[in-house]
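Note that subunit A is present in both complexes that follow, paired respectively with subunit B and with subunit C.
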Partner chain A sequence: MGTTLFEKIWKSHVVVEKQNGPSLIYVDRHLVHEVTSPQAFDGLRMNKRKVRRPDLTIATMDHNVPTNARSLPILDQTSAVQIQTLEKNCKDFGIKLFDINSPNQGIVHVIGPQLGITLPGSTIVCGDSHTSTHGAFGTLALGIGTSEVEHVLTSQTLWSEKPKPFEIRVEGKRKNPHAVTAKDIVLSIIKNIGTGGGTGTVIEYRGEGITDLSMEQRMTICNMSIEAGARAGLIAPDENAFDYLRGRQYTPKNYESLVDCWKEHLKTDSDAKFDKQFTLNINDIAPQVSWGTNPGMTCDVTESIPSPDDFSKGDPNQKKGAEKALDYMDLEPGIPIINIKIDRVFIGSCTNARLEDLIEASKVVKGQKISTNVRAMVVPGSQMVKKQAEEMGLDKIFINANFEWREAGCSMCLGMNPDILSPGERCASTSNRNFEGRQGTGGRTHLVSPVMAAAAAIKGHFVDVREMDLS
Partner chain B sequence: MEPFKKVISIITPLDKVNVDTDQIVPKQFLKLIHKSGFGKFLFYNWRYDVNENLKSDFVLNDSKYDNSKILVTGDNFGCGSSREHAVWSLQDYGFSVIIAPSFADIFFSNCFKNGILPISLNQKTVEKLQQELDTIEVDLEKQIIKTSSEDISFKIDSYKKKILLEGLDDIAQTLQFEEKISKFERESKVPSVL
Partner chain C sequence: MKGNIIKYAQDNIDTDVIIPGQYLKVHDYAELATHAMEGLDPDFHSKVKEGDFILSGRNFGCGSSREHAPIALSYSGIKAVLALSFARIFYRNAVDGAFLLPIEIDQDAYDGIAEGDEIEINVSVNEVKNITKNQAYKMKPFSEIIGKIITAGGLFKYKPDQD
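Now for the complex of A and B:
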């Protein structure tokens, strides 16, 4: 019997295999950031251990960095200390760091592919759950905790139970691909399979609806695999993937010979079996808007807020969850999504802050002004994205519409820096989590695509972006 | 890590599903660079109001649970962010066992690195345990939970059980495979980044 793409990558990285329990997996690339690493480096010092492979380890600062002018001081002293700690740790242990002033700084999952660090068929880990993003290149990319960061720093390996392969087929063609985006596809998937639907699995996304997507759109899909609970998301690499990585700053010198090898091996065999399967047809899907406090609580923009009974389909725990979510979100069942007014718009995050996201959002914004009741910001995913966008004049389009144009970082996706919602504020956000308080204590998050967020900024409430001219 | 001993305690029922790690420890506390003292941040936005007063309607603020070491909660506990700070908060607060129908993968793995035992039981058993008012006993060695009315067995991977029971340093275990890791590296085709 044939094997899946995931099983092939897994097998080629097993260092120690046991009859039962976890296997020891080799890690080809380790990405490090300021928030989940200080305690790991402390552990190394305490046990007099070294970093085994500094040449496979890359660090940047993204989670708590301010996104105002880089020349300004970091006012939050605890953030400043965490950033200085990463600088010291990288210096002491010989790790390459893209610091706050580096042109390569940015959200760790945006810079990995952009610099050619992410490679098909390899393994990447990072102390961040959205590491799944890199799976768009056929990379087995796992989010890990801080103890595991320490483990990888020391041994370049990770103990992991072998996840089960889960096939998600995305079939059909979107009628309006500028208005119905990769974000809407992945939110639709999570809405259907639930936030625990992928637990214990690695999802492989397949089908025409996936191969039609650009690399940046595929990253949006794989990025949110963790929101379905999956260990990782994968897409078999094709010419689009190989082209994307070709000629980047850290693309290996023997790249073409690697590509030849990847073309031969990195695919699921036609007779391979998956443990789980789900199919989404996208011929008729609408732009998605989350209404609750987890990404599974999502509906079409054309719908109204569901009642907890309708949402829970008879599950009392889900019903309780929905009631609590509506209370937190200050929403009532039956309110049409398009009637929900917003206070803030955030275009950013490792889900949706790549160049293509900004280009698409700028088409909505061009020549318009945001609603006077709305405060809106664009936070590019990396300094390189920012520079490319500025070369295309996108910054001016956003600034002329009264958006704030910021420096790169995770920013209001998780609100560790000063970019946060005030209690009660409602935000249309291109990020990945609408958890209670995620973007600021008491803040209310609605997850949407970049074009939906841009349209909401202009109108002051959600609108069906399919009704706007995006050509 | 301290070896995991038998846990005898009343349970704290947290009757919620999909509890994400943002709720277990909110982001503003992730800026600290050490592992200790996170207990005071546990479920911060559920425990405290905006003026930092204790909310009387949250279960952890009921003094009868003050010395509880066992949290019994809903499906998909620990979903979302990989932050190990969530486990440090639970542990520093005093929990050493968490029982739920299911756990998110990264959270589950983080527990074992910090001497916390996560136990998956079926929904019905979890619901029954949430009603348990008496002290219960969690015996990892025998893989049994003893309540006033029954013995409930649970499953655990044998390697993880050993790590907890003996309080082993995971990294020291791995470094015993040094030869195999070096061999893998010699044969690996993946080039260095730099």
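Now for the complex of A and C:
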């Protein structure tokens, strides 16, 4: 019997395998940021340990960095200390750091692929759940906690139980690929399989609906694998993936011979078996809008807020969750999504702040002004994305429409820096989590694609972007 | 191990309500504990007692990889979380740092155990006993690696070469 892509990558990285037990997995690249690493470095110092492979460890600062001008001082002292601590740790342990003034600084999952650090068939770990993003390149990319960060720093390995392979097939063709995006595909998947639907698995996304996507769109899909509870998401690398990484700053010198090897090995065999399977047909899917407090609480833009009874299908915990979510979101069943007015718009995050996301959003915004009741910001995923966007004049399109044009970072996705919602504010956000208080205490988050967020900024409420000319 | 239950009868308790993002800059664990569960239950800090257990539904700890989540609960006094299922990163974080025990229970235990009930957890026989109601339930056994890390007292005390 054949094996899946996941099993092939796993097997090639096993250092020690225990009978019916866990495996010790080798880590090819370790990405580090300021929030989940300080205690890990403290642990190394306390035990007089070194970083085993500083050459395979790359750090940046993204979670708490302010997104206003880099020349300004960091007013939040605790953030400043966390940033200084990472600088010191990287200096002491010999780790390459893209600091706040580096042209390569950005959200760790945006800069990895952009710099050619992310490679097909390799393993990447990072103390961040959205590490799954890198799976778009056929990379086994695992989010880990701080204890595991310390373990990887000191040993370049990770003890892990083997997840089970889960096939998600995305079939069909979108009628309007500018209006119905990768974000809508992945939200549709999570709406169907639930936030725990992928628990204990590594998802491999397959089918025409996936191979049709650009690399940046594939990253959006893999990024949100964690929102379905999966350990990781994978897409078999193809010419698009190889082209994307070719000639980047850290792309290996022997790249073409690696590509030959990847072409031969990095695919699921035709007779391989998956433990779980789900198929989504995207011929007729609509733009998606989340209405609740987890990414599974999502519906079509053409629909109305469901009643907790309809949503829960008889499950009492689901019903209670929906009631609580509607209360928190200050929404009533039956309200059409397009009638929901918004106060804020956030275009950013490791889910949707790459160049293509900004290009698509700018098409909606060009020549328009945002609604007078809305405050909107664009936070590019990296300084490199920001620079490329500025070279294309996208910054002017957004600024002329009264968007704020910011420096790179995680920003309002998780409310660690000053970019937060005020209590009760409602936000159309291109990020990945609509949890209670995620974007600021009492803030209300609706997850949408970049074009849906841009359109909501212009109109002041949600609109079906399929009615707009986005070509 | 005995303790009293604080019950959150819902699924998908996420890391952002266990410890909101604004506190991820806090390095003092005792201070972190004062903000535990703040996003869901602002009274948690005043009502939690040393040795208490949390009981909840499916997918407990979903979301972020922040180890601050089990740390905040642990330093609040929580010794175990009993849930129908756990998100994987939270589960490993809880065990790796020896912060608390993640105990997977079944629907009967979830339905039968109420707020305030006194519970005894006996992992050697995979049993959760409701002392208040004199009922016993099976817990899902830990996998081999998780059991060994727990027994060792955390990931860095686990010595695989002695297996």
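As a working rule, the second predicted complex is superposed on the first by the 471 of 471 C-alpha atoms of A that agree within 3 Å, B and C clash if a C-alpha of one lies under 4 Å from a C-alpha of the other, contacts with A are read in each partner's own complex, and residues count from 1 in each chain.
Note that in this section a contact is a pair of C-beta atoms (placed from the backbone, for glycine too) under 8 Å apart; a residue touches a chain by one contact, two chains touch by 3 or more.
Note that the structure is predicted; figures quoted are calculated from it, not measured.
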Combined model on subunit A: subunit C and subunit B, fit or clash: clash
Contacts of A:96 with subunit B and subunit C, given as first, second, both or neither: first
Contacts of A:156 with subunit B and subunit C, given as first, second, both or neither: first
First (subunit B), second (subunit C), both or neither touched by A:122: first
Subunit B versus subunit C as contact partner of A:422, first or second or both or neither: neither
Partner chain in contact with A:176 - subunit B first, subunit C second, else both or neither: neither
Subunit B versus subunit C as contact partner of A:339, first or second or both or neither: neither
Partner chain in contact with A:28 - subunit B first, subunit C second, else both or neither: first
Residues of subunit A touched, compared between subunit B and subunit C (which is higher): B
Partner chain(s) touched by A:55 [first = subunit B, second = subunit C, both, neither]: first
Overlap of the subunit B and subunit C footprints on subunit A, listed as residue numbers: 16, 18, 20-22, 24, 35-36, 38-39, 43, 47, 63-64, 76, 78-79, 81-82, 127-129, 143-148, 150-151, 159, 161, 195-196, 199-200, 226, 229, 231, 294, 317-318, 320-321, 324, 414-416, 433, 435-438, 441
List of subunit A residues in touch with subunit B within their complex: 15-16, 18, 20-22, 24, 26, 28-29, 35-36, 38-39, 42-43, 47, 49, 53, 55-58, 63-64, 76, 78-79, 81-82, 85, 96, 117, 119, 122, 127-129, 143-148, 150-151, 154-157, 159-161, 163, 195-196, 199-200, 226-227, 229, 231, 250, 252-254, 258, 261, 294, 317-318, 320-321, 324, 414-416, 423, 433, 435-438, 441-442
Subunit C contact footprint on subunit A (complex, rising order): 16, 18, 20-22, 24, 35-36, 38-39, 43, 47, 63-64, 76, 78-79, 81-82, 127-129, 143-148, 150-151, 159, 161, 195-196, 199-200, 226, 229, 231, 294, 317-318, 320-321, 324, 414-416, 420, 433, 435-438, 441
In the complex, subunit B residues that touch subunit A: 15-18, 20, 22-23, 26-28, 30-35, 45, 50, 74-76, 79-85, 87, 102, 104-106, 109-110, 113-114, 157-160, 169-171, 174-175, 177, 180-181, 184-185, 188-194
In the complex with subunit A, residue positions of subunit C that touch it: 9-12, 14, 16-17, 20-22, 24-27, 39-40, 57-59, 62-67, 85, 87-89, 92-93, 96-97, 143-145, 149, 154-156, 158, 160, 163
